[in-house]
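Following this line, the structures themselves.
Shared between the two complexes below is chain A, which pairs with chain B and chain C, respectively.
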Partner chain A sequence: MDILAQLIVSGISVGMIYGAIAFGYQLTFSTSQTLNFGQGEALMLGALVGLTTVNFLIGQSIATPLAYLLMLPVVLAFGCVQGVVVEVLGVRQAIRTGSESGWIMATIALGIIFRNLAENIWGRDALKFPSPLTETALTIGPVHIQPMEIAITLGTLALALAVEVFNRKSIYGKAVVATSSDRDAAGLMGINTRLVITFSYALSSVSAALAGVLVAPVTLTGANMGAVLGLKAFAVAIIGGLSSGLGVFVGGMILGVAETLTGFYLSTGYKDVPGLVLLLIVLSVKPSGLFGKKGIKKV
Partner chain B sequence: MLSVSNLHAGYGKVQVLHGLNLEVPRGSLVTLIGANGAGKTTTLRVLSGMIAPHSGSIHLSGTDITGWPSHAITRQGMAHSPEGRRVFPTLSVTDNLLLGGFPRLTGARARGDIDADLRRMFDLFPRLDERRQQLAGTLSGGEQQMLAMARALMLNPDVLLLDEPSMGLAPKLVEEVFATIARLKALKVTMLLVEQFAAAALEIADTGYVLENGRITVSGSASDLRDNPKVRAAYLGSAH
Partner chain C sequence: MNIKTLLCGAATLCLLTGTAAAADPIKVGLAGPFTGGSSSMGVSMRDGVKLAVAEINKAGGVLGRQIQLIERDDEAKNELGAQIAQELINKEQVVATLGFINTGVGQASQRFYQDAEIPVLNNVATGTVLTRQWPDAKSNYVFRNAAADSIQSAMIAEEAVVRHGFKKPAILNDATNYGMLGRSDLVAALAKLNVKPVTEEKFNVGDTDMTAQVLKAKGAGADVILTYAIGPELAQIANAMAKLGWKVPLIGSWTLSMATFIDTAGANGDGAMMPQTFIEAPTTPKRAAFIAAYHKAYGGDRMPSPVSAAQGYDSAYLLAAAITQAKSTDGPKILAALENLQTRVEGVVTTYDRPFSATDHEAISSNIPVFGLVKGGRVVAAHPEDLAGDKAVRVKPKG
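Let's look at the complex of A and B:
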C-alpha cells in the first residue's frame, strides 16, 4: 500500500510535465487547428538555454536557487521567441494557403533542425542541471518526495492557471477565446487573428520551455531529452482532449501514474506501453478525448 | 459614408458580383434586396473584408479600404452583424458585447464610455439584460440575433452592416427585430440592411437597391421601389 502511494506520487510529477507540453499543443490547436510537432524540442531548447544561463550565473558566484530564479525570465523570453520562429517559418504559410498537412512536415523539420543545432552547441552527452532545491527527499507519511517534484507540480499548475485567468479576465485573453471559437467572426470584432495565432505559438513554446527547466534538475539534460517527452505528451493531448482546457493535466497524471505502476509491477521494459494502449482505447471509445467538449450550439 | 464602385468579387473562380455600385450616405438606412443567390451576403462579406474583391473600390468615410483585412476594416469603423449571427457560444453575453468593442478597449479606436454603451445595449435589448452572465450558446435564436446586433453596435460603428437579421425567426420576433432597426435609424445609425423580407425592409429604409445575379438592376428611394411594378411583382409578393 505504501509503495502504491509512492508510485502514484512519483507518477503525478512526471504526468504534470506531460500535461504542460500537451497544454502547449492545445493552445495552438484551439486557435489554428495546427500544432508544433517540435514541442519536445522546444522543451529541450528551453532546458539547455536554462542550463547555460544558470551555469553562467553560478559562475558569477550567485547561489544556485537565486540563479535558478533569475534564469526563469530568460528562458520564458527565449521560449516566446522560439515559438514565434516556429509559427512564422513553419505554420503561417500553410495556414495562409489552406494546406492541410504542410504544417505537420514543417514543424517536424524545424524540430529536427533544432535538435541538430542543440547537438552542435551543447554536444550529444547528457548534462547535469544543478538543482535549485535540496535533493534530499521529504518524507510525508509513507511517501518520499523530492522537493523538485513538488516544484514541477506547482510550476506547471501556476502556468496553466495564469493562462486561464488571462483568458477569462483580460480583453486580449477573450480575443484568444473568440479566435478559437470562430476565427472569421473574431476578425469582424477587429481582432487580428493571425497575430493571435502567432501569440498562441509563443505561449505554447513558453509552456514547453518552462516544463524543460522544471524537469531538467530531476532528469538529465541534453539534445535528445525532448523527443520522447513530446511524443508522450501528444498521446496525453489526445487522451485529455485537444479542446479540454485543463483536462490535459488530468490526462498527463493518468499516463504518468500508469507508467510508474507498469514500471514497478510489470517491468520497466513495458513502461511506454500503457500510454499507447490508453491512446488506442480513447481513440476508439471517445475520439474527442476524455474531457473533450462538444461545442454548445443551439439555433 | 460608404461608397462602393464597380465591385467585382466571388469565391475562387466563381464570380458572384459583376460591377456593383452602391452608396450609403451618413445617417441613412439603405437596404439591399434580392432573391437567394443574388449575391447579397457576398456583398456584405466583401465590404467587411471577409473575402477580398477582385476589382473595384470601397471607400469608408473617404478612406480607401479596398482589399483590407477584416480586422483593419472593423477598426476603421465598419461593423458587420453576419449571416448566421456567429456569436461566441462559450462566452457570456457581456463578454460577447465587450469583444464587439475590442478596437475601443485596445486603443485602435476612440474609447468613449464603454460602460455607458453596455448599459445602452441592455436598454435597447432588455432580454439581453436578463441574461448578462449566460453563455451566448444557450440563448434562443432571437436572443442570439439581438446579441449579434448589439455586439456590432458596441464598435460605435460609422456603418453597420446587417445580414438577414430576420432569418429563421418566428414572426413575432421578426417584428421585434424590425422595430429595433427602426429605433436605431431614429438614433441616426448608418446602416446597410440585407433582407429577404423586402416589403418590411423597404418600409423602414430610406433607399433601396435590387440585386439580381450580382448586378444592381433597380435603385432609388424606398418609396419609389415600393411603387415600382416590377419590384412589386418580383419581391413584394403582390401584383396589384
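Let's look at the complex of A and C:
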C-alpha cells in the first residue's frame, strides 16, 4: 500500500509536466484548430533561457531561490515572444490560405530550427540546472517526495488556474472563448480573431517554457530534452481531449501514473506501453478524448 | 643552357621535394565525441592525446617528423563516425587513428580502417566486441588500451560479492547496446560466484523518474545496486534512492565516474564505486607530471574524465613507439610493430611491456584497473592500499 502511494505521487508529478505541455497544445487547438508540433522545443528553449538567466543572477551573488523567482518573468516573456514567432512564421499563412497541413510541416520545421539554434548556443551537453529548493526529500506519511516535485504540481496548476480565471473574468478572455466556440461568428462580432490566435500561441509557449523551468531542476537541461516530453504530451492531449483544459491535466496524470505503476508491477521494460495502449483505446472508442467535446463539423 | 644543367636542375628539384616529403608531418586521426552527452570523455581523451603529441613533437617528433593530429567530432553518432573514418582514410590519408568513446561508433568506423589496413588505437570505448570484430581476418588492425567490458563486469561482481560480501545484488541498466550487453556480462560474472541478481531493471535514455526501478530493487531486498548506464540516468538513480530514503551501495561500470553523474547527483552520488584505470592522484612522479601538465594546458583542477585523459595520453605514446620501431608509416608495418613492441612504454595508466601480441590486442588486463569512489565531487581510490607502494604501477602479466 505504501509503495502504491509512492508510485502514484511520483507518477502525478511526472504527469503534471506532460499536462502542462499538453495544455499548450489545447490552448492553440481550441482557437485555431492548429497546434505547435515544436512544443517540446518551446519547453527546451524556456529551460535553457531560464538556465542562462539563473546562472547570470547567481553570478551577481543573488541566492538561488531568489534568482529562480526573478528568472520566471524573463522566461515567461521569452515564451511569449517565441510563441508569437511560431504563429507568425509557421501558422498564420496556413490559416489564411486554409491549408489543412501546412502548419504541421511548418511547426515541425521551426522546432528543428530551434533545436539546432539551441545546440549552437548552448552546445549539445546536458547541463545541470541549479535547484531553487532543497534536494532533500520530504517524508509525508509513507511517501517520499522532493520539494521540487511539489513545486511542479503547484506551478502547473497555478498556470492552468490563471488561464481559466482570465478566460472567465476578463473581456479579453471572453474573446478567446468566443473564438474557440466559433471563429467565424466571433469575427463577425468584431473580435480580432487573428490576434486572439497569435495570443493563444504566445500563451501556449509560455506554458511550455514554464514547464521547462519547472522540470529542469529535477532532470538535466539540454537541446534534446524536449523531444520525448513533447511526444508524450501529444499522447496526453489525445487521451485527455484537445478541447478540454481540465482533460489534458487529468490525461497527464493518467499517463504519468500508468508509467510508474507498469514500471513497478509489470516490468520497467514495458513502462511506455500502457500509455500508448490507452492512446489506441481512446482513439478507437472516444476519438475526441476522455474529456473532449464532440465536434460537429458543418460543411 | 644545355641539357646537362637542365638535368642537374631537375635532379636538385627532385632532391628538394624529396627532403620536403620527409619533413612532412605524420598525419594521425583523432576521433571522438567532443560535443554532446559523451563529450566529457571525448574532450578529456582529445586533450590527453594532444598533450602527449605536443610533448613528442617538442622532443623532435617521430622519425624526425612532427605528428599532426586531424581532429574530428563524431558527436557519438554511428553514421557520422563512419563518414569521418572514410574522410580520415581517403582524404586526409592518416597513418593511424586514435579515439572512439562510444562502442557503436567504434563498430561503425573500424571496418573502414580494417579494409584500408590502417591501425586504430581504441583508447576509451569499452565494448568487448571491438577488438574481436573480425575473428577470421588475416590481421586485425584494431587495438585497445581501455578496460574492456568483460574485465569490468568481472571486477564489479568480484568487488560486490567477494570484497564487500553482498549476496543480493539488483542490476539497473539502460536499454542501449551498452547497458544490455553490460547486463549480460554482469549476470554471467555473478553466476561464476554463485550469485543470482534479485532483480534486473532497465530504463530508457532520457528517463527522468527512476522511482519504479528503485522501488523494485528495494522491494526485492537488494543489498547493493549494480549499474550499466551513462551519467544522467545514473544520477537519476542516485537521486531516486535519496528521495526514497534508501541507501545501499552503488557499484557499476566506469561511467559512474562521468562528470554528468557526479555533478547531477551531487551529494547523493557520494560513495558510488566503479573500475578506473587511472585515478587523478599523483601516485607516481610520471602521473604527477601528467596531472600538472594537463591542468596547466587546459585549466581547472579536476579533469572531466581522468580515465579518458590518461588513456588518450598513453595511446599517443604507444602509437609513437610503434611508428619509431616500424621506421615507417605503412599500416602493416605499424601493425607488426604494435604486435611486437620492443620498447617499454612508460605511460600514466601502466607501463606497457609488450602490451599486444598477434592474438591479444588488449593492453589493459584485469589486474590493472582499481576501484574508484566518488567523494565530494571527485573520484578517489576506493581502496588506497591498492595503489600504495609498488602496487602503484600495475603491469599486465606476461602471457
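Throughout what follows, the second predicted complex is superposed on the first by the 293 of 299 C-alpha atoms of A that agree within 3 Å, B and C clash if a C-alpha of one lies under 4 Å from a C-alpha of the other, contacts with A are read in each partner's own complex, and residues count from 1 in each chain.
The working rule: a contact is a pair of C-beta atoms (placed from the backbone, for glycine too) under 8 Å apart; a residue touches a chain by one contact, two chains touch by 3 or more.
The model shown is predicted, which means the values in this text are computed figures rather than measured ones.
Participant: Which partner, chain B or chain C, is in contact with more residues of chain A?
Facilitator: Answer, by number of touched residues of chain A: C.
Participant: Taking the superposition on A as described, I'd like to know which of chain B and chain C A:D125 touches: first, second, both or neither.
Facilitator: second
Participant: Answer with first, second, both or neither: which of chain B and chain C does A:I171 touch in the superposed model?
Facilitator: first
Participant: By the touch definition at the top of the document, which applies to A:N192: first (chain B), second (chain C), both, or neither?
Facilitator: The first partner, chain B, only.
Participant: For A:I145, is the partner it touches chain B (first), chain C (second), both, or none of the two (neither)?
Facilitator: A:I145 sits against chain C, while chain B stays out of touch.
Participant: Just to be sure I read the superposition right, which of the two partners does A:G263 touch: chain B = first, chain C = second, or both, or neither?
Facilitator: second
Participant: Counting only touches as set out at the top, which of chain B and chain C does A:S181 meet: first, second, both, neither?
Facilitator: first
Participant: Where on chain A do the contacts with chain B and the contacts with chain C coincide?
Facilitator: Looking at chain A, the two contact sets are disjoint.
Participant: Please give the residue numbers of chain C that touch chain A in the complex, ascending.
Facilitator: Residue positions touching the partner: 35-37, 39-40, 75, 175, 201-204, 206-209, 211-213, 215-216, 219, 231-232, 235-236, 239, 242-245, 260, 263-264, 266, 268.
Participant: Could you list, by residue number, the parts of chain A that touch chain C in their complex?
Facilitator: 3, 6-7, 10, 13-14, 119, 123-126, 128, 135-137, 139, 144-146, 215, 218-220, 222, 224-225, 227-228, 259-264, 268-269, 271-272
Participant: Which positions of chain B touch chain A when the two form their complex?
Facilitator: Within the complex, chain B touches chain A at residues 48-50, 69-71, 74-75, 79-80, 82, 86-91, 95, 98-100, 102-103, 105-106, 108-109, 135, 137-141, 151, 155, 168.
Participant: Within their complex, state which residues of chain A touch chain B.
Facilitator: Its residues touching chain B are 171-172, 174-175, 177-178, 181-182, 184-193, 295-299.
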